[in-house]
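Order of writing sets the labels: A, B, C, D, E, F, G and H. Residues in every chain begin at 1.
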Amino acid sequence: MPNHNIDHDREKRIGFPEVIYGERKSTEDLFEIIKSFTEKDRNVLITKLQKDKATDLLKTYSNAFYDTTSGVFILKPIKELQGEIQVGIVSAGTSDIHVVNEAFYTLSYMGINAIKINDVGVAGIHRLLNKVEELKLYKILIVIAGFEGALPTAVGGLLPQPIIAVPTDVGYGVAKGGHVALNAMLSSCANGISVVNINNGYGAAMSALRILNLINN
Amino acid sequence: MPNHNIDHDREKRIGFPEVIYGERKSTEDLFEIIKSFTEKDRNVLITKLQKDKATDLLKTYSNAFYDTTSGVFILKPIKELQGEIQVGIVSAGTSDIHVVNEAFYTLSYMGINAIKINDVGVAGIHRLLNKVEELKLYKILIVIAGFEGALPTAVGGLLPQPIIAVPTDVGYGVAKGGHVALNAMLSSCANGISVVNINNGYGAAMSALRILNLINN
Amino acid sequence: MPNHNIDHDREKRIGFPEVIYGERKSTEDLFEIIKSFTEKDRNVLITKLQKDKATDLLKTYSNAFYDTTSGVFILKPIKELQGEIQVGIVSAGTSDIHVVNEAFYTLSYMGINAIKINDVGVAGIHRLLNKVEELKLYKILIVIAGFEGALPTAVGGLLPQPIIAVPTDVGYGVAKGGHVALNAMLSSCANGISVVNINNGYGAAMSALRILNLINN
Amino acid sequence: MPNHNIDHDREKRIGFPEVIYGERKSTEDLFEIIKSFTEKDRNVLITKLQKDKATDLLKTYSNAFYDTTSGVFILKPIKELQGEIQVGIVSAGTSDIHVVNEAFYTLSYMGINAIKINDVGVAGIHRLLNKVEELKLYKILIVIAGFEGALPTAVGGLLPQPIIAVPTDVGYGVAKGGHVALNAMLSSCANGISVVNINNGYGAAMSALRILNLINN
Amino acid sequence: MPNHNIDHDREKRIGFPEVIYGERKSTEDLFEIIKSFTEKDRNVLITKLQKDKATDLLKTYSNAFYDTTSGVFILKPIKELQGEIQVGIVSAGTSDIHVVNEAFYTLSYMGINAIKINDVGVAGIHRLLNKVEELKLYKILIVIAGFEGALPTAVGGLLPQPIIAVPTDVGYGVAKGGHVALNAMLSSCANGISVVNINNGYGAAMSALRILNLINN
Amino acid sequence: MPNHNIDHDREKRIGFPEVIYGERKSTEDLFEIIKSFTEKDRNVLITKLQKDKATDLLKTYSNAFYDTTSGVFILKPIKELQGEIQVGIVSAGTSDIHVVNEAFYTLSYMGINAIKINDVGVAGIHRLLNKVEELKLYKILIVIAGFEGALPTAVGGLLPQPIIAVPTDVGYGVAKGGHVALNAMLSSCANGISVVNINNGYGAAMSALRILNLINN
Amino acid sequence: MPNHNIDHDREKRIGFPEVIYGERKSTEDLFEIIKSFTEKDRNVLITKLQKDKATDLLKTYSNAFYDTTSGVFILKPIKELQGEIQVGIVSAGTSDIHVVNEAFYTLSYMGINAIKINDVGVAGIHRLLNKVEELKLYKILIVIAGFEGALPTAVGGLLPQPIIAVPTDVGYGVAKGGHVALNAMLSSCANGISVVNINNGYGAAMSALRILNLINN
Amino acid sequence: MPNHNIDHDREKRIGFPEVIYGERKSTEDLFEIIKSFTEKDRNVLITKLQKDKATDLLKTYSNAFYDTTSGVFILKPIKELQGEIQVGIVSAGTSDIHVVNEAFYTLSYMGINAIKINDVGVAGIHRLLNKVEELKLYKILIVIAGFEGALPTAVGGLLPQPIIAVPTDVGYGVAKGGHVALNAMLSSCANGISVVNINNGYGAAMSALRILNLINN
């Protein structure tokens, strides 16, 4: 009895294929899972994959893409990047880059063009104010922050698009692990911001994809 | 110096006006705030308004709408309901109705047609499976549950639309206050579900509105 | 053996007298404590005093001041208000007024002129930006917010003064009780903000007083 | 005075012998404890044994069984596997395999035939629905899941047997450590599901054994 | 669109009918739900029903049974009590009686004979030791405790049957709300104890029923 | 089957009789329990008894003692007060008096002379320093505090006796419920302080009694 | 300005000298602190000292005692062991030995004879019942347990002495870190048990010492 | 698009430049950020920089200052130390030195003279009392403690200056991570103490700087 049972119908059902959470799977299980994808000519996205396991996979799949910062592993995107930039990924600090990249590369895998606007945290609000006109251009905003997680509130008060807030685990003391940022985002006084799990750049990208699929259908 | 300072530009900036959180404001402050709206010929939505304060307001504003279950108070919607149903509000149990109604009446206030699909929790999964074809018809799904909060995961695995999950405070023991449902939704294995605060039916409606505004613009 | 043992030397030692925390004391104990103050010709400040107990005290001390919103009870201030405004009390929303008033009346009791700048939360950042020039005029800023508690971060990034952040218990779901606002303030990316306990408007005022005493000595 | 004091009467009293929790014992203590078992001709089960300590034990007890994934160490089962499959071990994802195996090998040690049905999480509910007929065949279901822990609710709504739910520590952000899965299982709307500690595959197996002993006596 | 959607197939599917959680439903919704049951000639069990709502229901359904202590409301049991005592309900203290009764009356509703053995907490262990022979007679033990929740551990070390542990919300300080008892039961060193949510006497009864249905089929 | 099962041997076994926790028992159960004591000519101590239930009991047992502040109810002490003062009960503030009294009256019930030294909190350390010589006279110190719970640390650094620290639920914001005081006492840098549950004045008295029994035997 | 400032008067004041918490001090600081003790001909006890730092210290102080299991480091006890056994150290499992040893060696350092009674947890209650007569011989009982921490409750119900309960960090899932054991001990239904911090064997020993000093003076 | 976007206007706006949080930034990002500072002839302060990354930076910037204990990295202070001592940094124990140093070196970087008064914890209160006269000399007191965090309360009751309390992560059991010290400081009965995040020596220094800038302007 195998350790896995891939949901290969998912794409037909909900518009995107099953994606593999790599953090707690053994290399052996990952090889078997990849095989079950490639045997059906399917592309593969693995998230939160540690470097040592990625190194092993890259020996076999040498043309795969792996981003060390985020742990995203891609065995051929499902679509080439298409059209203009649709998603703005806004982050509060340089330390949030691991989550920024997870969102960015997940969108790439799905063929969605995105742009990163890094290090515009609320402690220097003018950095955000300077970007407001640019941010109006994108259909969806993914807003990423650790520590006190105030950025989505500021963005949400300034801009009308769908906003997906992503807390990161960046911070120390009470902010350790990202729960303060998460709870601040959930409690935001700005209207209509929705939130995903701590460090879940992948989930934010998929949430954006559901919206983009709605527009395109 | 007044106790309030209404953000009357918000609609121009982000597509919808400021809304009043009623739970912790005194009746005196609420009367003043309503006046500052009506003086500008603006409509008013108050959320989480307790019955005793609503009764006082209704004496003055007798044509206002007030829903006891959810605490929503509306002094004339900003738009009449338009077109076909755009949002499906799916809930796990009859006890979640206070949050269902907050989402429903907020959408009404904004002119958005929605439908309630109540009591389709995962413990009797066939109730949800029976609704899948109907649910495919709506642009956005707001999925509401207390206790273990499993419904958004099931919905998210079956349907492709944007899904906004709302945990409720229904439950006892470890589930008291709604944190289990919230955390279960944030941890969902289903892809691309986004979440708002416990009991935040209003926030879910506004998140849906941001998406609908994107489609219509 | 009495239930109390007032620290009547405190003023000499640290520049201000003992203040009474009223919330958990019986009316009997409060009467005795007030008597121990008045016998020494001392003035009295009681904080977080519930209305029913205040009503009893006011029957005996009819010239005392009592603010229902904050629960501050004053039996003659220790100093008349002096000079120009020294402290700006900035708050995010109308619902935070109970904490605003506790800070304001505590400062009054100590003879310090303060001003309230209410309802300038981050969800409408322009409301704060409009006040920046005014806020530069005050020596110290007390910044009060519930929900996600983002306001001190924005203020701290815009203004150079000492900033004392006060979280309030305004919010629901994860924000219930004020812990999110507290933790957000402690985690703030803005530099050099210090924080007091949830709803502790009194403590913020005393912290301001220590700074003002330093300047004046 | 030795560091241990084995309860060698336990089997007579409650139908199964004492089992050793290996995680926090030194190799020295483990050797002494094993000796106290083997001197009485008793078999040994150690749970949650780290690889380095297992390696040391295997040098002396080379015919023992050790499963690296779960940390189960067995020095001869107490009974050979008997009869048909009695327990179905159902798990939500490949990452839960360490807990699946702990339950599986504990049952093996006790002579109970079990079967693993892996990777049937609620995000692809059809995978579970496809297994319902098979699952009806087993007397008891052990249902294992991390993240949002929704699987036992779905199983409990579809099947009539005793269901023992086991949360795992698989997840990140709010799901880190398994508390979300645990609390979701405790809050389940499905009726009559009982729960054991996070990662406690061993406890689930023993709970099943108590039921099976009841049937067989 | 009604607020409820009863799962009337549940009995056929899993061996017992849907039961109503009364705590958070309005009297209006409860009347409608009862009607949807009685129209199909079904019996009704409502749990955690507050006295004021029960009083309203009893005006219409005067032959219903209502236990104030536990909040159980029964409109005709689904089976008469049958045969000998099958379940022993053991509790640590007199204060736990609200949960004892919920388990007891739920079992009654299902036609299962049970017995209460109250006030045998571990602080006077001889009280439990005196009952061991009696307890051996029952097929299943439901063990209920608040405060430190030690009773299931002691019972589990002395007796071989299936043991379902139920924490109660009885306690103060750190024990307030029942989380200590819950966690102690989940962490029990005794083998094979399974646990349900705090105060979930109903769930323990249903868990027992699943086991008894297994034996009788 | 009665709801209670009193441990009437306890006194013989451990030197003091069973005591009744009144908070969660019904008046009916309390009457029955008192009867089971008085039938054996035993005295009765009930703790944390609410005023309304006490009023009912006092109608029948009009010579009983009841302290409203602490909820202690005594139906004749087991011993008259004897000899000199043995226990000093030191508290940080007037608001802690409910716990002070619970300890004081429990000791009285056991025949132990104690003295209250109230309102000597660390914020005015000289109040404690002034009492050091007096405190040296008592065999045991029970030290009671809410808020930051610093008093036991200061006492423990100044005095050599056994010190039993009792946190109270006095405080607001993060201190609400007494967990900060509890944890501060458990973390104390002062040596050899032991701690009981929040508000557990009764437990502190019993802990003192165990020590005094040791000295007297 | 040195990093330390030893309280060399402590012994005179409270009957025992300052002890060094080694876990978070650098080796350099430890060397300086030891020197400040030895220069005054004082003996040294360091607790929770990691092996690598102990190895460095032992190079200089080769006649010091170091116990790897508990991290206790002793540079000559302050008294030789005297008289008969005064303290019984009772523990629930072999895995608790690190805390048992910390208590044992701290008492040794103070010249107090103690005995270890290991592995008598409540899951096999007869192991404890077999020891009751022996335990009656000791003046004070230190009772140590991890997981559900039930042992002090059982001991407290059987024996009259002062009981100092010590939770350990042994356990997994909800029991991880020892908070369940701690809270269970604080909530114990057994009377007059006092508690120290998780893993604080040292504190338990010092608490015992305060009692023994009381007896001997 | 770079990973950073430095707020080079901050000094003009609020009186001090942006400072770099080093803990979660890659060495590559740090090099780029330093370059963006040095290109503008700006000085650099990095906090919480791990040793391995510091070693890499020091290879390029060999004249930089790095303190291993606190992780402070300074590429030329922005001002030379000026005038007399303005800030007293008081700490409870030798183990708190990593936070003491972060505050000390941050102040140095800003040109502020400070002094360390270490190891004056409340368990030996005379150590603090001996320093009161000295402490009166400094304008501002930064008070640092782990474990029960009582020191700021004692200092705040004795001295009139602005007091900035800093909890540290020193402690074990319930004190692990510093939350007890933090909450104790927030709950302090001493008046007007303000608090920063756990281990945030940097924030305390900046808070002091805001006050000193106020005095000097």
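In the analysis below, a contact is a pair of C-beta atoms (placed from the backbone, for glycine too) under 8 Å apart; a residue touches a chain by one contact, two chains touch by 3 or more.
Keep in mind it's a predicted model, so treat the numbers as computed, not measured.
Participant: Taking a step as a move to a touching chain, how many steps at least join subunit F to subunit G?
Facilitator: 1
Participant: From the C-alpha centres, identify the chain that is farthest from subunit C.
Facilitator: Relative to subunit C, the chain whose C-alpha centre sits farthest away is D.
Participant: Which of these, A-B, A-C or D-G, makes the same contacts as F-G in over half of the contact pairs?
Facilitator: Interface equivalent to F-G, from the options A-B, A-C or D-G: A-B.
Participant: Using each chain's Cα centroid, which is most distant from the centroid of subunit H?
Facilitator: Chain E.
Participant: Return the distance between the CA-based centres of subunit A and subunit F, expressed in whole Å.
Facilitator: That gives a centre separation of 56 Å.
Participant: Any idea how many Å lie between the Cα centroids of subunit A and subunit D?
Facilitator: That gives a centre separation of 35 Å.
Participant: Taking each chain's centre as the mean position of its Cα atoms, how many Å separate subunit F from subunit H?
Facilitator: Here the centre of subunit H sits 42 Å away from the centre of subunit F.
Participant: Between subunit D and subunit H, tell me the centre distance in angstrom, where each centre is the average of that chain's C-alpha atoms.
Facilitator: A distance of 49 Å separates the two centres.
Participant: So which stretches of subunit B touch two or more other chains?
Facilitator: Only 10, 93, 123-124, 156-158, 173-175, 179, 182, 186-187, 191, 197, 200 qualify.
Participant: Can you list every touching chain pair?
Facilitator: Here the touching chain pairs work out to A-B, A-C, A-D, A-H, B-C, B-D, B-E, C-F, C-H, D-E, D-G, E-F, E-G, F-G, F-H, G-H.
Participant: Which bits of subunit D are touching subunit E when the two form their complex?
Facilitator: Within the complex, subunit D contacts subunit E at residues 10, 13-16, 19, 139-140, 156-164, 182, 186-187, 191-197, 200, 203-211, 213-215.
Participant: So in the complex, the part of subunit H that touches subunit F is made up of which residues?
Facilitator: 92-93, 121-125, 129, 147-150, 153-154, 156-158, 171, 173-175, 179-181, 183-191
Participant: Given the complex with subunit F, which residues does subunit C contribute to the contact?
Facilitator: Listed in rising order, the residues of subunit C that touch subunit F are 1-7, 9-10, 18, 21, 23-26, 29, 33, 48, 167, 169, 177-179, 182, 197-200.
Participant: Quick check: in the complex, which residue numbers of subunit F touch subunit C?
Facilitator: Against subunit C, the touching part of subunit F is residues 69, 93-95, 97, 115-120, 123-124, 126-127, 170, 172-176.
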